[in-house]
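I am attaching a structure below and will ask some questions about it afterwards.
Per-chain residue numbering starts at 1, and chain names A, B, C and D are given in the order in which the chains are listed.
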Amino acid sequence: MHNLLNVNNLQIAFRKRKKSIKVVNGVDFGISKGEIVGIVGESGCGKSVTSLSIMRLFHDTSGEVVGGTIQFKEKDLLELSEREMRRIRGKEIAMIFQEPMTSLNPVMKIGKQLIQGIMLHLGLNREEAKQQAVEMLKLVGIPRAESIMNEYPHQLSGGMRQRVMIAIAMSCEPELLIADEPTTALDVTIQAQILQLMKKIQRERGTAILLITHDLGVVAESCDRVVVMYAGRVVEEATVEELFESPLHPYTQGLIESVPKIGNRKEELYSIPGHVPNPEAMPNGCKFASRCPYVMDICREREPQLVSNNNGRKQRCWLHQSIKEEERKTIG
Amino acid sequence: MIRSKKIMGAFLIVLLALVLTACSTTRSSSDSGGAASSDKKDKDINIAVNQDFTTLDPHNVSDTLSISATHAIYEGLVGFDKDMKIQPVLATDYKISDDGLTYTFHLRKNVKFQDGSSFNAEAVKANFDRIQSSKDALIASHYLQYLKSVKIVDDHTIQLILNQPFSAMLNKLTMVEMISPKALKDQGDKIGMHPVGTGPFEFVKWNQGESLILKKNPNYWDKGYPKVDQITYKSVPENGSRVDMLKTGEADFIYPLPEQSVQALKTQNDITVDQTTSNIVRYVTLNTNKKPFNDKKVRQAMNYALDKNAYIKVVKSGFGSELDSTMAPSTQFYSKQKVYNYDLSKAKELMKEAGYAKGFTAEIWGDTDSATMKGMQFIQQQMARINIKLKIKAMEQGTLSDAINTPKSPDDAKVQMWYVSWSPSSGDADGATRGLFSSAAFPPNGSNTAYYKNGEVDKLIDKANQTTDVEKQKSMYATIQKDIYNDAPWLFLGVDTNLSAHVNKLKGVYVLPDGSIQVKEAELQ
Amino acid sequence: MKKYIVKRILGIIPLLFVVSFLIFLFIHLVPGDPARLIAGKDADLQQINAIKHQLHLDEPLYKQYIDYMNNLFHGNLGESIKSKVPVSELIGERIVPSLELSLLSIAWAMVIGVLIGIISAIFKNRWPDNIGMITAVSGISLPNFWLGLVMIQIFSVKLGLLPTGGIETWKGYLMPSIALGAGIMAMIARFTRSSLVQTLKEDFIRTGRSRGYSGLTIVFGHALRSSLIPVVTVAGLQFGFLLGGSIVVETVFSFPGMGRLLINSIQMRDYPVVQAELMLFSFEFILVNLIVDLLYGFLNPKIRYD
Amino acid sequence: MSETMTVSKQQIASKRGTLSTFWHDFRQRKVAFISFLFFVLLVILAVIGPYIVPFNPQTPDYNHVLQGMSQKHWAGTDEYGRDVLSRLIAGTRISLGIGISSVLIGAMAGTILGLVSGYFGKWVDKTIMRICDVLFAFPDILLAIGIVAILGPGLKNVIFAVAFFSVPSFARMVRGKTLEVKEMLFIEAEKSIGAKTNRIIFRHIFPETIPIIIVYLTMQVGTAILAAASLSFLGLGASPSSPDWGAMLSMSRDYIGTAFNLVFFPGLAIFLTVLSLNNLGDGLRDILDPKIKD
């Protein structure tokens, strides 16, 4: 059990032409206070949907949580009313998104965008909220904090905007910050700066961070623990060190293989062959079977469970568990 | 953002307030019994008419509606009574010399213009001078084309001397109304906007396109008149709206009253519908210069094929009478002819004789007025019975007038059939004949769109004009009408009935046969 | 900003030049002879020619155009051929009611249209959306003279609440403004809806939600302003059209506006009045466009004028 | 060669997919779908109308004029004793015909102008757009009056007049879309291969503008029907004797106080038709315009 957030057996479905399609099917992970946890996976693996479900931001889409629990501190977020949920959003859990260019309101001044949330959640008056806002902008390393308050988003560079997004997210001092691909849209040098900034915030403020990314490099640089997702399932979970040293799941191995390494002058970068299965036609058995180099007969027949060893490391692969193990678990 | 929100807020509040006041005010006004005629006083009347006034210059007015207004403000030496009989007005009497060339008028004394200046022989001469010196540019100069000179005999006697005898001179003089010479000098061209005459009503205000307000002339020479304080003419082009205004009390008198609304008004106890004779004749000209209309048999066949009763019933909603001559019964020297009674077999027979048993196709032209379009449809339906297929071409009046008048010679003319009406504004036989049937009046010179040419008729028209013997004139015009009617250059349709309606308490407002509204005797009871 | 406005206004002048030429060409291309229309049915050719001469209509076209432009430069719009009233006076009398009616129409159309648009966007594809859109679209689907005639039957004749026409009291403006505004309301509602639906899908809306704002705050505080940008364009364009007056509605309600003046002048081929009115329309239209552009800048900070 | 083959096959497959998705999405939108069904009904009426009318719509019966609604004449008879219902049915063809043909003509001219303007840019664009501005500034009805006055009255010229003032809006819209599409990569690629301008415009840009044109076309037909009715109001419409709804409405409006059915039914027919076209257009736009699509 983690002491901040526990996601258990989360199942999310989207409605498409009256059919319900499960895109997330049994996701379990947790975050403790002050921890940085990464969720990695290819696009479409359900990692963003998972993060949105924590915030319950399926508004205006046909997405719906159809099973599982999301325990945040003492509350199950899925049980809260919309009004109660609004008090959590932005105040206790904040979120930053991939696209800094479009995630800020283009027709509202930066200052106003910051102040609005601060006034709403912290109950400060306008002056105090302004103070807090400027402080936040300084915290995220924006040099001319005061003058930027009066500028519009389009006047800032992408990196600056993501800093502003972080400032906005941090402005009510949340306990959990969900960052959905925060650096994907940025230049490499800026990426590093933003990741540095997030680590700094975690260090200084003790904010737990859930970092959603497809980029193992980002994970390696900033996370404590990593959850690897594939086709709507968690396939492996480990500390960063363990994961990079000895990845258990063939998918994780493939992912690590495909990260460009400095000094590696191979002609072509490795990429995992094949495609992610279509969620509308999920195969039985292990969802990675069709792409797995070590595929066995059983893999095509039965899906392995997510199994944990003693030190909290988890995997979902027949290579590392036997049917007995599974049965034992089911019995126990 | 804050600012725009505030603006938005203010906007919403203003709107809300507007809506609220609208609701509350409507309520209060319905309490007091109707929204209409808010500040109208007891002796004010409202007249709703169908067009906008164009000018109030009596010497330069050509539309009947504006003539109605100039008749209220101005007077001529002579004028028409209710039955279009000529009566002396600003003249007390007149004498025409035996050779028909000298007209002597004795002027009414103690008449003042509305600006206080006196009406006398000087003033009359100034008016005639104005018209003649315009070198044809003023419309009234048309009425004075045979006038040679004007002679002041004394302060209250004036003589008009003509080039040649002109039988319709007195009729034309009804259209020459007297403007205050002082105002003429002050206003010049702008007299049309600031009229000053001797009539029962003086000008107050003219809101272009909306209303014309006249008030009582307190110094009017005919004591006892006028009996109302103010008249407001309102321009209400939509037929239905005019009727509605009468129902709601926004108007006391409406003209024209669309025929199809008469039935609806009959159930209203407080409203009276008036029918007065009219000298407006409705017909379709047939271009006698063009095949197949050059064949008299075809033209007569078409006339026989036309069910005049159905025409009056359907197109005129039962109001009007069939046209049994070339002019209306109220026109001078009218003589009734034997009508082409509806007879389909005879019509078919004639068509066969003319070699058109299978009929032909032709175009019928007309303006875009809804009454005209209705009439054209009717003709189309009727002519279909003798296999004549008509194509209706409704043209906006400017276009239509160009289409008719552009051709320089009869052979270039494109017009085949034209659905139109005519009313001689001075009520004389010449005005109802010369411009329509004289071969000198082919477009663009006149309105003979039938391109009717009959040497005998041409001669008689000129002769009748120059003779002073009324009996002779009468017989000449009888011949003219008989010849023309027999030649059938027109489809003879009908004579209008002028329809107007008024609230019962209003008396004394009536419509003359030419369609002008007379208000001098208006009275509220 | 100032420089931009000056530049734009200066840019209008050559455009107006072209427009004036086109208008002149247009109205002289349309068949019809003012002299004949003035002279009336009794007139003969001699008289018509005399009137033509008096009005300088017998001069070659290019000379008429030069005279017209010359007068225009001296601020003289000429006088009505028919009534001899100075054109400026004629238009002056009509423009105020027309302007008032336009403002009233656009105001209610804007408010109601935006409200319906917002409700429809929020409840997209659900019943409030369907009802809102059908209501709005009804406004654009009615022949407006039919709407006017029916309204008169109900509100004036049956209920006696409103005058059938005229503008003696402010009540005379109500029905015409409804007849005129209905279509605009519909357009604005539709644009607001689609624009707001689009905006509500923007990332920054998700940001707003992730910060715990309520739905109303999101819609009114965040989405509406950027959604209104295209709406303002539509409203501006429609306002431009409104200023030109509506021949049909003005006729039904006997409203003394620009539209009726125009149709009457066209019917009489009263060239100076038609020319002046069309010039004014073009000018108003261009001016409204300029104002819309400026408003655009106010709503959309990305736009800078230089 | 084989590569292009596969590509085109894929395209066809994806197109078929889009069509069925489209149909599915369309059925979901009830208002639009019902409107569509109504429109189909109208089109059927327009085709078979003249054969199923209970009475001849043109034959007058002077003995039965201005009758109210009855078992025999469901919508009453008009001032010439013609059956109003029959006229309405027979008039479907004319009214729809005016609306559709005028908009098609306007759309065609506008699309070509818009494509040319957007593709070539520079002075071509400026000239075309300025002309459109001027046309925009002219009151619609005035243009129509002018055109009808110059060309003379008649159905053809009414269609032309109405078409004329839908040109600038189509031109503007297509131009905007063209500018968008032009920037897209594949056009650049096509250009570098050396394709002809004609080919680029009509094979590549034009297909991209079709959805938005269809949407606009649908709504514009309604507007055109209304515009034609306004022209009828001014007496400049189609022939007054034809059972065109606008003409019927305009010719009967003097009867509003006496025979309300004469005014009401043509008005209703216009209203329902335009309403359904607008709703249909709105629905299509929701589906076809990717910016609004789910």
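By our rule, a contact is a pair of C-beta atoms (placed from the backbone, for glycine too) under 8 Å apart; a residue touches a chain by one contact, two chains touch by 3 or more.
Bear in mind the structure is a predicted one, so any value in this text is a computation, not a measurement.
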{"item": "Geometric centre: closest chain by C-alpha means", "value": "C"}
{"item": "Pair of chains ranked first by number of touching C-beta pairs", "value": "B-C"}
{"item": "Greatest separation from chain B - chain, by CA centre", "value": "A"}
{"item": "Length of the line joining the C-alpha centres of chain B and chain C, rounded to whole Å", "value": "35"}
{"item": "Distance from the mean Cα position of chain D to that of chain B, given in whole angstrom", "value": "43"}
{"item": "Inter-centroid spacing, chain D versus chain A (mean Cα positions, whole Å)", "value": "50"}
{"item": "For chain B, residues that touch 2 or more chains besides their own", "value": "1, 238, 240, 244, 396, 398-399"}
{"item": "Of all residues in chain C, the ones touching two or more other chains", "value": "30-32, 149, 153, 157, 221, 225, 251, 266, 299"}
{"item": "Touching two or more other chains - residue numbers and ranges from chain A", "value": "107-108"}
{"item": "Contact set on chain D toward chain B in their complex", "value": "58, 60, 62, 65, 79-81, 145, 148-149, 152-154, 234-236, 239-241, 250-251, 253-259"}
{"item": "Complex interface listing, chain C residues touching chain B", "value": "30-33, 36-51, 53-54, 82-85, 90, 93-94, 107-108, 111, 149, 152-153, 156-157, 159-169, 171, 174, 221, 225, 251-254, 256-257, 260-261, 264, 266-269, 298-299"}
{"item": "Complex contacts: residues of chain C adjacent to chain A", "value": "200-204, 206-214, 221-222, 225-226, 299-302"}
{"item": "Residues of chain A that touch chain C when the two form their complex", "value": "55, 57, 59-60, 85-91, 94-95, 97, 99, 102-108, 116-117, 120-121, 152, 154, 165, 168-169"}
{"item": "Contacting residues of chain B [partner chain D, same complex]", "value": "238-240, 243-244, 258, 260-261, 263-264, 307, 310, 313-314, 367-370, 373-374, 376-378, 380-381, 391-396, 398-399"}
